[in-house]
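First chain A sits with chain B, and in the next complex the same chain sits with chain C.
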Partner chain A sequence: MTQVSLTGTTGARRQTILWIGLSAALLITVVLALGMGRYPIPWHRVLAILFGNVMPLDTSWDLVEEQVVEALRLPRVLVAMTCGAALAAAGVALQGTFRNPLVGPQIIGVSSGAGFGGALALLVSESQFILMLLAFAFGLIAMAIVLWLSRVGGRSPVLMLVLAGVVTSAMFAALTSLIQYVADPEDKLPAIVFWLMGSFSTAGYDELAWLLPPVVATCGLLFLLRWRINVLSLGDEEAESLGVSVNTMRLVIVFCVAAIAAAVVAVAGVVGWVGLVVPHLARMIVGPDHRILLPVAMVVGGGYLVIIDTIARTATTAEIPLGVLTALIGAPVFGYLLKSTQARGWSRD
Partner chain B sequence: MIDVRGLGHGYGHGPWLLRAIDFSASRGEAVAILGPNGRGKTTLLKAIMGFLRPREGRARVDGPLGYVPQISQAAFPFKVFDMVMMGRARHVHTLGAPKAKDAVICRAALEKLKIAEFADRPFDSLSGGERQLVLVARALASECEGLVLDEPTSALDFRNQSQILSVMRQLGADDGLTVLFTTHFPQHALHVADKVLLLYGGNDYLYGPSQEVLSEANLSRLYDMPVRRLDYEHAGTRHGTVVPVYAA
Partner chain C sequence: MTKPILQGVVITGLTVAVTSSAFAEDKITLTDQRDVTVELDGPVERLVTFPMPAAALFASVAGSAEPLVAMHPASQAAIEEGILGVIFPEALDVETGITSGGVFAPNVEAVLNLKPDLVVQWAGRGDELLEPMEAVGLPVIGLTYGTQEDTETWIRTLAAAIDQPDRADLILGKHEDAIQRIGAQAAEVPDDERVSVLYFLRAANSLEVRGEGSYNHFYMDMVGGVNPAGPSGSRTEINPEQLLAWNPDVILLGNFDPAMPEDFYNNPLYSALNAVQNRRVYKMPLGGYRWDPPSQESPLSWMWLAELLYGDRMDYDLRWEMQRFYADVYGYELSDSEIDAILRIDVNGENPGYDRFLRQQG
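Right after this comes the complex of A and B.
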């Protein structure tokens, strides 16, 4: 990519080292995650199972191990990684666009909209497809309501967007509570509650196939827009004076974020905090320039969610809900970041 | 370059802040807007920049304008060079990032303002005067034909004021940029501007050559207090200045 820098080659070399390091860390995370679980498999055998077809590696694994890695754990790890990367990209884009390092995809109300859609689907149907469809549809509906509410005289000021997000979230949270209230407590209610807490336990190749197209399309667009996000983060008037059509750009970005959040919710339930914490971690590593921040955050986010999901399925005999873990880990980490970056981070002014 | 005709504005259903304002600034001309707080200086700039649609009248602008806000509210600690690079937004494809030729233009803008050594420093580690210069460099990097500055000297000490004023003079006189700025210092207008616009409120305004319009009578009426114009000599050159007569 065009990384224009006055420092020239030193900057480029640092980035190369960074990318090698990040890729290696992600690969190691994935391989270790694939080996861990109730049926432990050593890492070298995981590597052999994954790459045995293309490389002359030791082929002394049994069929059960192959099944566990390729049919059960691999799709789950890939789904977790995709969701993490997508949520991180969404978080970076939102924080840049809203010029506020404290916002996440929940802020525009789309998570709670999608959460309601999913709960509704679980109430009225058994079909996984309907669940995804309704989660996605209500995520977009929530976004549409937020954008409509926040529009004042042809513009959507940031404060109005955030407040409209709060209003819309509250409304969909109430509707979700209503669904829980009317749901059959023997059968439907536990399913809804567990789903709302988030989990990758149902993730397979079908979910991955469903998840990838919207995520690739939206993350690809955000990736291309990443330098514009720098300009947007200067504020409406400055960005406009530099020739950026602020409102159109913000609508496009908000739409991408909504699509990402809805797609993730549809596959894994409500997974909070990732889009808030990961951009901060990435910003600590590479600074605020979205040209490099966005891709780095995606890699960090992918690894982060793989780690969290591995903890969720291996820490105890029963699975810990993902939403519980992301909040339990995310909130203290975020609190620490908030304190420790006060001195040199975004809050200097 | 900038042509304002019959411009009027007020916020919401409120009274007219400005009304029937006519003025124009041609290429290479520097125009200062003066007036007490709340008489619509910034509103007028915003209408010219297109940030707000005036209630009546219009502001026509030929060619791109660079904007230097009073305070840049960058939410993230970008490096100075990256800040200046954002001036290239108009020339970079929506789905792209700046290229080497953009970096060359930014480097030239930094050098022109003699702040190339700041390139790798975080923008928010600079002093107020240095930040103003960086924002001017960003405007230059955008290859604008006019420069609009909102109170460029209000937060600066004498030396930094002098520095930014000479940059403004140079860009107007030598580079043929139209320079439009608001200020609370009539002496800065006298020093830099060819023409001044005094906003008395509503449709009451004066527009004309600085030397004529910045008279003691006009300024005393503008600020509702005695204001004196003084001439003095320094190192063989005549200078003019404006001083307020503070109440005892």
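Right after this comes the complex of A and C.
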């Protein structure tokens, strides 16, 4: 095992070093991402534009360049980072709670519900606001159905939650297919198909403002509950014996995950794989202790999605759909991680 | 000396035409774009169409929608949206319940029930769209779409199906004339006066442009425009940054999406674009069919764009051309307010270059 121990007195210093390293890596990723794009702007000018906000600099750049960096790239990078961090937190929380390394936010049916809401909005309206609203609303409706289906005798066992998620997911996937079937093949259908594949191409500060409240609230809650996730990951009986109300905790965590998935789908369409892959990456770095795993996964997830989105918007003239990249990159990475670690990160189980 | 010979040719030609059409009362042979041959007992009287533009194209070739017994629901929506619903009101009552299990997959029993003597379906989008109907003995022709040659083939084939090849000559004559006249005038435009023009198929929720290999690129190039999206392939989804990098002089918004010039003018991100600063973002017209994809009305669309980009270098009177086209092809007299509606004067009228399309005062 190459993982360093991060708890105890000697761990404290290692943790500080880890955090400095991770923060620096994220910052460099963000700055590099801001310097790349289809509109040619020299690196030094990108930095000048950024620093120009906090210190008086000679404004030698033209307005278009400033707009590209601050009104196009910056909000998009921030939205991608926020979505990545939130999806990673959701993935860590779910995997810990369900004691199963193969679950991600998509498994509980919320992405599917939110995807349906978005497709419905594209079918019946032209408004971006309605799109986000319906996607979020149907994400929560899907979650309500999952929770209702999974309740057995006042409890929601893990198996029932997963099965209810599969059922709900299938139902909303069918409804989404129905929408694609009735959509006008010349105007509505291509828009729906592209949106379902996920993209940050229209992300601006409006989307960021939409995204932040639910994400900050739910990720904050998950962060506060991180040691309880540790307890839950020991198993139901052990957790009960330690005085944790397993059922309530599980519902709270599922609610947080659902809100995150719905918010992300509402802003960016269906972005798969991040919530599944990133927790494994993070577990390789810091091990299975959720007190540190959760925040580390958020930083890694933020950087990961910024990198993927930078490829999506810069590699070719055309925008590459995000869902294609997250799966094309995410699936092999996940496969490699599984093969090379043989689930050693799950030593606590 | 040449006159008698010419007369002789004309007379022989007439004889041949008469015999062949007398013969065609019995049999009409059509070859579709899959090279499949279909033999009909006589001119088509009950037609079913699946491809979206086929119904409108057929009505314009036949000068009537009477022979149409069924069409794809999207075709009917397009007819209802444009002026063809006024010209051919009978098209609005035609059956549309002919698809099943997929956007263009036929409901074979519904189609059989209509007893069509010809079915028009997409070719090259999977045999399952055609084969089930052929298996029960329905006469099916498969057509492909997207280029000017395809449009010409469609018009010729549909005219042949009703045994009125002169209708195809009439419409295609207008296409060929426009290509030659505009092409010649466009060739005169010096390189440093060429206008860069970008067409958006979609611009409301995403930005989708068209380059080489697309129909839109074909006519933007033909009228002398320079399409910055040319090299990036026929259909491309771009981001706003790419649009800023290209910075076109003129932006065209298509009719498959609700995006309007105002959306560009009011978006602070686009304030640096030449097309926005000069207020040269235009919604494309919508006549008997959308003017952005290929259709019978394409010549009018090319004239519109040529006039828009190069003004006095071109010599069309678009309003007059439209009236003539509608009279010749649809047998319909266009009013001034109908022309205004087709040209989207309401959203384009204030933009520079559009004054030439406005009604003459007094």
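The rule we apply is simple: the second predicted complex is superposed on the first by the 323 of 349 C-alpha atoms of A that agree within 3 Å, B and C clash if a C-alpha of one lies under 4 Å from a C-alpha of the other, contacts with A are read in each partner's own complex, and residues count from 1 in each chain.
In the analysis below, contacts are C-beta pairs under 8 Å (C-beta built on N, C-alpha and C of every residue); 3 or more make two chains touch, one makes a residue touch a chain.
Treat the numbers as computed from the prediction; the structure is a model and nothing was measured.
*Asks:* Could you tell me if A:291 is touching chain B, chain C, both of them or neither one (first, second, both, neither)?
*Replies:* Touch status of A:291: first partner only.
*Asks:* Have a look at where A:280 lands relative to chain B and chain C in the superposition and call it first, second, both or neither.
*Replies:* Neither partner.
*Asks:* Taking the superposition as given, does A:38 touch the first partner, chain B, the second, chain C, both, or neither?
*Replies:* A:38 sits against chain C, while chain B stays out of touch.
*Asks:* For A:191, select first, second, both or neither according to whether it touches chain B, chain C, the two together, or no partner.
*Replies:* A:191 sits against chain C, while chain B stays out of touch.
*Asks:* For A:250 in the superposed arrangement: first (chain B), second (chain C), both or neither?
*Replies:* The answer is neither, since A:250 touches no partner chain.
*Asks:* Which of the two partners, first being chain B and second being chain C, lies in contact with A:228: first, second, both, or neither?
*Replies:* first
*Asks:* Which partner does A:72 reach: the first (chain B), the second (chain C), both, or neither?
*Replies:* second
*Asks:* Using the touch definition from the top, say if A:122 reaches chain B (first), chain C (second), both or neither.
*Replies:* second
*Asks:* Give the list of chain A residues in touch with chain B in this complex.
*Replies:* Residues in contact with chain B: 1-2, 4-7, 96, 99-101, 224-228, 230-231, 233-244, 283, 287-289, 291, 344-346, 348-349.
*Asks:* So in the complex, which bits of chain C are touching chain A?
*Replies:* My answer: residues 52, 74, 77-78, 102-104, 202, 204-208, 229, 232-233, 236-242, 244-245, 256-258, 268-269, 271-272.
*Asks:* Which of the residues in chain A come into contact with chain C in the complex?
*Replies:* 37-40, 63-64, 67-68, 71-73, 122, 126, 128, 131, 181, 184-187, 189-191, 194-195, 199, 201-202, 204, 313, 316-319, 321
*Asks:* Enumerate the contact residues on chain B facing chain A in the complex.
*Replies:* 46, 49-51, 64-67, 69, 72-79, 81-82, 85-87, 89-90, 92, 94-100, 102-103, 107, 119-120, 124-125, 138, 142
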